[in-house]
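Two complexes are shown next, each including chain A; its partner changes from chain B in the first to chain C in the second.
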Partner chain A sequence: MDNRLLEVSNLRVAFPVGNAMAEAVRGVSFGIDTGDAVGVLGESGSGKSVTALAILKLIPSTGRITEGSVRFAGRDLLSMSEANIRKLRGRDLSMVFQDPLTAFNPALRIGRQLLNVIRAHTSSSIQNARARALEVLDLVGLPDPARVMRAYPHELSGGMRQRALIGIALACNPKLLIADEPTTALDVTIQAQIVELFHKLRTELGLTLLYITHNLDLMAELCDRAIVMYAGNIVEEGSVTDLFQSPRHPYTRMLIDCVPRLEDARNRELTVIKGMPPPINATNRGCLFSPRCPSVIDRCRVDDPQEDFEGERRFACWNPRL
Partner chain B sequence: MTLRRDMGNKQLLLLHSIASSRTGFLGLCLVSAMALMAVFAPWIAPYDPTQIDMLNRLQPPSLSHWMGTDLTGRDVFSRLIWGARPSLQVGILAVLIGLPGGFAVGLLAGFYRGTILEAILMRIVEIIAAVPLLIVAIAVVGVLGVKPMPLGPFMITNEVKIIVVLGFLYIPGLARVVFAVAASEATSDYIRARRIQGVGDFTLMVSDILPNCLSVVIVWGTLLTAGGVLAEAGLSFVGLGVQPPDASWGVMLSDARKFIFSGEWWLLLFPGLAISLTVIGLNLLGDALRDILDPRQYTGPRLD
Partner chain C sequence: MLEPTVVNGQILLKVQSLTKDFPIGGNVLSRIAGHTRVMRAVNEVSFTINRGEVVGLVGESGCGKSTSALMLLRLLNATSGKIHYRGKEITELQGAELTSFRRQVQMVFQDSHSALNPRKVVRRTLHEALRARYGRTPDLEEKAIELLRTTGLGVEILGRYPHELSGGQRQRIGIARAMAMEPEFIVADEPVSSLDVSLQAQIINVFQSLREERGLTMMLISHDLALVNFLCNRVLVMYAGEVVESGISEQVMKHAAHPYTQALIGAVPRGLAGRGQRTQALAGTSETLGKGCSFAPRCPVATQYCQEVAPKNKAISEGHTAACHLL
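Let's turn to the complex of A and B:
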């Protein structure tokens, strides 16, 4: 437990829907050790991004963290003052976003935006900050960093923008990097390059990574461990190999089946998970996945699933595939 | 790809863009002509603008007096050139005085939208904006008088009073345009991104949001300059601006109003034209700038 970097326990986040509060994250617990790369998988709306933002204590203003704790490097983030947590954001806790275009201010050169972040966290001189900026842009594999510094965001291609954004996230040597679907807005060849870049950063810098995605293949390539989320709950967690070879939770199984394989017969129908995720204000008893679950048993509809542990892995299912 | 790279080139490019639209070019020419007149008045004007010459009074335009002479024989052309000075001084300096206030109020209210701070600031802005500009200026000058007032080591001339009053009254308009941009930028993704990266509110306002307001403020400022030119002419016309015998387009029109129906057309035409052309020029320039100054509409080459 010594090198436990992040410990999230029983985190609950609620948003107002109509007159009531609805939970987007319903009691999530997990931990990340220094040097780990953990993937978070799930459909849109499963609470992945809200969990990430709650770690930074930056959920959208209408929402509220109702329960739970987040401990980062031994400090309780949720009880920390805004001024103190701001010092951590971007320095110890960094984040890379889905759409690198909207994450940049269109009116400012890349260099200025990068320097603003560096100078928000260090008292270094302009010369030192500039040197550091060029260094990180080089680190993320951008050719001619000096030219990138002078460019406006719209003058860069999507892949270059994402590299620059990763550069900003790395500028202050973060202890933990949260990547929220960093490749979703990019085309396939660029996706591979970005994943390659994360790989390099992990081996060279020993970066700790929380990688949120719905792309299983990229996650499998990059992460050691994965968390599968459904409707604000963690349904399964385990090593990537375990999850892919023998998923216990039917949802994990179906997610894997949804990815079309080249060796599949061409006329084979694509697998889909029938039905829709429950609405955010669903309050039905029992397992929230039960209406869509193929291996549902009576108990699923009545009792909330309890977590089962099996070595390094855990899953919340009454009728797991063994 | 090398276009737009160097700082020096950027200003040239802006001028080039203005000049390449027909109306923008016209506006630029008119405004530059007036500005040159104002700056180089002592060297351009053929006569002293206050020199009385009773023998040559009310002369029609001729080779020696291009725009004729007025009631006391002063050269209308020289007075016109010198009259560009108070017009542009009031127009430009009033905007420059209003800018910091407009930015401060607009940025704070826009950034903290929905808070009590925004409510207080914007209500004050609305109260000030509800009062007509010229009426307040007339009231202030009327109360303080048109004579220069000593303030410590400085003499506050009547023109300075007008500039300060107009500048203050410009704050609501400027604050509103800044507010509109700032409020929408404050909720944008990049501001959230920058927050997540740990950048503080003040840096966000000054370094991220302010540059995005610049284009609308430049456009608005150009149009307000035209308003200032008109306000100065109006105040001088009613005797509360530039004091005779000093030259100002408003003073010239005021002197000329006795001659509207008596045939001395040059007394009215030239100052009237000068005011109109300056205001038209500033408006055309403002419109051209509005079309150009939006980096998001830039569709030139990308750096790939």
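Let's turn to the complex of A and C:
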């Protein structure tokens, strides 16, 4: 357990909807060991991004963390003051966002934004900070780092911008990097370049990674372990191999079967997950996936599913697959 | 289920040397005077689409795939080149003839949110399309309900506004509206890429049934090769405004000839199979045309000759062509 870098316990996050508070994250617990790459998989609205933002205490001001704890490198983040957590963000705990254009300040050159981060977190001289800035831009595979430093965000292509953003996130050697759909806005070929970069960072720097995505196949290439979220709950967690080869939760199985793949037979029937995810303010009893679930039994509609553990994997289902 | 590769051989659409230039830089005066530089978005593209066929158009953003599609539907005028639809040249059509052509071809857009009028309930959106097709007939409501059934939606949707629908439902309304015209030919531009994975299958299945039950001719624009392979009989691969490879989907996916097509296929995530044995990602990004093969700057196997002379399309096997010197 001494290897444990991040421990999230029973995290609950609520947002106001009308006059009531609705839970976007409904009691999520998981841990990440140093050196791990953990994928978080789920549809939009499943609570995966909110979970990531809650770890960094970046929940939009209307929302509230109502319960739970987040321990990072032995410290409790949720009780930490804003001043203290600011020292951690961007240094020990970094995040890469989906849209690299909105993540940058459009009015400042890349170099300025990169130097700001380095100088805010280290006491290095301007020369040393510059040297470090050039070093990380080179690390993320940007050709001609000096030119990139002088460029404004709009002058870079989408792929280059995402690399620069990853560079900023890595500038202070973070202990944990959280990446929220970092390739979703990019072309497939550029996506492949970014995935290759994450591979390199993992093997060369031993980067610890929390990778949020809705792309199962991409996650399986990059991560060792995966968490599957549905409607604010973790429904299954396990090694990527186990999840793919023998998913226990019906939702995981359906996620795997609902997308066409290159090696598929041409007329394979795609699994359709009927209906829609529940609204954020759903207060149904029982399993929130039950209205869409093909293997639903009576109990699913009445009792909240309890987690079952099998070695390194867990799942929350009353009628799991064998 | 019908075998998708068996198609009726009649040509519905024939495109010859289709080209589109967009002016760049300069001001209004220099444009009027004709002194502007142009960016060639689509460069001498030629292909045919047979009746009943579903053709995929793949490539990176900016390769000219959407521009080509807009020209096919006359939503954008071509700079040069010819488009024959049912044997009739359509690039010069005007007035009533253009209106009649546009009834036969329809488009489904990527972003269903901006494609639907937010102030109109579904009933009004569908009724307007149906009136354009049939005039004022008393059975508009029945026809609208029939359209919803075709796209797998329930009647209760009719009174809802677009913002009250999920992304998947909105996209199906987009398809229903296109189908209201009883088109012969539909262009779908990235119809599932804004949807969650769990909802994509619903839309893919709607297209599959339109193909199999109605024999609809379609062009599917996508960057998702797995989807194209799944839905399309034939595929056209575009790079920097040119078609660099075309052929039967299965053949192109299994025996890609052009290095660009090979790189595109290599870029598709493969799940467990891809762990630790990912192929080298294609470096760089697409740049504007110079002389020689436009892919040469990124091509892993390019020679000096490729830098200087633009390759022509060559036949590799029956119906399978690629534009590469190294074949």
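Just so it is clear, the second predicted complex is superposed on the first by the 316 of 322 C-alpha atoms of A that agree within 3 Å, B and C clash if a C-alpha of one lies under 4 Å from a C-alpha of the other, contacts with A are read in each partner's own complex, and residues count from 1 in each chain.
Assume contacts are C-beta pairs under 8 Å (C-beta built on N, C-alpha and C of every residue); 3 or more make two chains touch, one makes a residue touch a chain.
In this text the structure is predicted, and so the values were computed from the model without any measurement.
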Since both structures carry chain A, what do chain B and chain C do when superposed there: clash or fit? fit
Mind working out whether A:Arg285 is in touch with chain B, chain C, both or neither, as first, second, both or neither? neither
For A:Cys258, using the defined touch cut-off, is the partner it touches chain B, chain C, both, or neither? Pick first, second, both or neither. second
Looking at the overlay, what does A:Gln193 touch: chain B (first), chain C (second), both, or neither? second
Just chain B (first), just chain C (second), both, or neither: which does A:Ile273 touch? second
Partner chain in contact with A:Ser157 - chain B first, chain C second, else both or neither: both
Which partner does A:His214 contact after superposing on A: first (chain B), second (chain C), both, neither? second
Taking the C-alpha centre of chain A as the vertex, compute the angle to the C-alpha centres of chain B and chain C, in steps of 10 degrees. 80
With the two complexes superposed on chain A, say which partner A:Arg299 touches: chain B (first), chain C (second), both, or neither. neither
Compute the least Cα distance separating chain B from chain C in the superposition and give it as a whole number of Å. 7
Touching both chain C and chain B, counted on chain A across the two superposed complexes: 157, 160
Over in the complex, which chain C residues touch chain A? Could you list them? 1, 4, 60-61, 166, 168, 196-202, 204-205, 223-227, 229-231, 250, 253, 263-272, 274-275, 278, 280-283, 285
Note: in the complex, chain B contacts chain A through residues 5, 188-190, 192-200, 203, 207-208, 211-212, 214, 295-296, 298, 302-304
Which bits of chain A are touching chain B when the two form their complex? 53, 56, 58, 86-91, 94-95, 97, 99, 102-108, 112-113, 116-117, 120-121, 147, 150-152, 154-157, 160, 168-169
Chain A contacts chain C in the complex at 43-44, 157, 159-160, 187-193, 195-196, 199, 214-218, 220-221, 240-241, 244-245, 254-255, 258-262, 264, 266-268, 270-273, 276-277
